[in-house]
């Protein structure tokens, strides 16, 4: 298993307690004043040259948000967030929207280079990078560049920042925005609807198989800012797209808020594969700092035989509150959720999925692997429901937790709701620790304990890793190894 | 006894056609072997004959003693004397084998307008048949087929056949997973049931079983049709040369 | 729920508060008990009955589901019925009145009313938490029950049936029961209604097993088709204590049966088995929590639900493994047969684990009758209706048969099940 070997090598290279993406970049920023009001929303909207209907939509969400309470049902604890202590808009100076690569501030390009994100099309084309991936790079509140736009355009695929899409394809945005995650869906999604600053927009037309992987890379850099991006992906009839998302942030003592909304829409026979490697700064070993990752992700299998597949590797953030879900509306549609959630130190993860079976002959599959170490808490929370008309709904759920050390907690909270006698649901969950036998076997073969654990953990999560596109799979394995450092002894 | 005429059938769920114009006649007293490569439709045929609802007959007819059985459900066909020995006998936890046998026997008798058996009479018959097939009495107290070995399951199928006294016995790959001793026990059980008013359809992939249950006729099934029929020598021919020649000749 | 401001009370809430007010001066209890009752009823007034926003009541929104509460009728009378297992010792509470005529040797029993009057009941009347609506209603309104002490090392030939029966109106009972070290007993806690008139019942059993006690406790709920049954059993398992807890729900219109336990001594073992037979328009919720508090404890839980008609089933099960409770072994399964397109089932099997050296798992399935099994039976000549009935029966009978050491008990429970199935299937 070369991938596992690679993990061991990576683990060897890296010092304990080091978040390698924790650097900060000094770039002159254009920031909105702290705090949230209708004026701030007007400011964001005007910075983005948005149409009037968009501003109205935002204000409606904001007024709604003022009446809502923060959710308290998740198994996470944190001091009350002061929503007036956050900058809701921060952009590198002079950036009003994505430009061509040549125009982007070289300092910014360096950031992405340092993060290992391929933005230079020439190099990629020259075969320096392994494969072609189109990237939308989002820095704090704005998209700084989107690569391969021209090539994608030839295939008919629209891939651009959502602010740009609002200007260039207002009809498409207006038709689909908020149709999966309504403005008033939940506290954070409503906040996002009011203040979202950027994000990616993808439209794959009828019958088109997107010629390359699309990806967005999110970077929170500025102090005291929140990141509120919004992603909207539409796969028209028979289309296919695979989309990757990566995230990092500098190491800071304060907590920063990330409240994103992602909406996926798959029409008849379309397929969307959405993969995330989330590695926001998790805070230091004393639990200081780190990102609050409060995200609403939902896919709507609107058409018959459509398919949406979520794969996530969650290793970062101080708090993760995230339930990528599928609404299986179209007959014969299918939803999948593959997840690895690693928590170490003081991290708190409350994550899972919802599979809502509405159409006939719909099926879903959930594979969740939680790994808790340090003094962290790791909760899987998932809902599977079959409605009255969801004949022959099928679900299989496997949800396993692994505990490393005796100071962490692993929790499983599934909600299983069947309202149709032809539904067949199967749910299995286990919690255990790394088998002494396996560990001893590795040690006896001369593998040090920490590496043995990385090896065994990689075996534990293999089923999910396999679902990731190749480039991400390697990165994910590295991350898992790194995240678990210092978990032994 | 059994007449299959231009039978076409497909999987109900996805419409895949499995049986494509099959003709076959089996007379009372006859033992007919149906052979064919994997995927030729052998097991499907056994399910269609016994009335499994996962398959739809789209054309043709199945006559049993001169009457079409297409409109009868599986339990009615069974009560009329059609017995399927399953390739994979189903485990039913919570239902003791003995209880199951009694209910099956009496329900069939009820359907045919016969009196139910008294418990002592039932017990006598079961014990007798079980002894013939070397089935230990405690096995009959266990839940149906649960925890039975492969050989025990097949013997239990033959036991049920002996007790229910069907007129048309369909054996679906009864030899699969059996060692030679178990195979002999099972074959003896089947041979003991051979009689002038009973027909047996033996579905098998290999000729091996036919050394013990000697057929009167052999039919080769391929892509849902009988492509060749003959006497027992056909089975030997297949054993020696495989299916390829016959398939080619038919094509 | 931190709702301090008074809510607008529903008809059921008003009826419960009125029942309390009407009985002031008449409800048994010393000063401490009476002021505790006041407090509990006050909480009911301010917080109301739990809604789906209270996580532990997510699938049983009591505030909405409980439309009416029949008023208490002091003249109600329930006849004594034969015990489920012939030859059992019967201790009964009928319409709240304890009957202590035939207490077998090895048991000390007194009416719970006396414990209320002398105040010894006060500690046990506390609620388990803010969401303990059953403890609250029962604590406010309880009039009678039995306080039972099983002597150390006592063993019994026949089961002890605690028969809790009422005809109509309200009945609120409590059963603090302690099993002495090394005692061995089978107890059947049976709830039934003697007629079809509506009754509202709350009952709390508080069971303690001392070291090495070995107890089979069977709850048989056979309320009438118009009844509300709010049951709760709390249990604490001492060192090497063994409890086989068996719950059969075969009645009631709105039923919540809570089971809250704690494995407090090393080597403690719980076996929980549940059979829920649901039909008509009933709503039945079984909510279970178990805390593995110390190392080396084991538990196994299997719940089987059979749901017909427009009935709705709920199972919530939470296994909590405390920090340091190493070597815990816990397995939970909830299997459901949904037999009608209008039936519905919600399950929430939770694991909450704070110790790393454990083996814990849960499984849940919801399905219709297995079609392969059904076809096999049809192919043997068994008509469909009969085959279905056999498969449904087999689905639940399997876990009754685990009690094979006591044939009379198995037979009796199978009788309860088949009688219900014959009526509903």
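So that you can tell them apart, the chains are marked A, B and C in the order they are listed, and the count of residues begins at 1 in each.
Methods note: contacts are C-beta pairs under 8 Å (C-beta built on N, C-alpha and C of every residue); 3 or more make two chains touch, one makes a residue touch a chain.
All of these numbers come straight from a predicted model, not from anything done at the bench.
With steps allowed only between chains in touch, the distance from subunit B over to subunit C comes to 1.
Chain centre most remote from that of subunit A: B (centre = mean of CA atoms).
Taking each chain's centre as the mean of its C-alpha atoms, subunit B lies 49 Å from subunit C.
Between the CA-based centres of subunit A and subunit B the separation comes to 55 Å, rounded to the whole angstrom. As a whole-number value, the distance joining the C-alpha centres of subunit A and subunit C reads 43 Å. Note for the complex: subunit C touches subunit B at residues 371-373, 375-384, 386-387, 390-391, 393-398, 401. Remark: subunit B residues 50-54, 73-75, 77-79, 83-84, 86, 89-95, 100, 103-105, 107-108, 111, 143, 160, 164 touch subunit C in the complex.
Across the complex, subunit A is touched by residues 55, 58, 323-324, 326, 336, 338-368 of subunit C.
Residues 73, 388, 401, 403-433 of subunit A are the ones that touch subunit C when the two sit in their complex.
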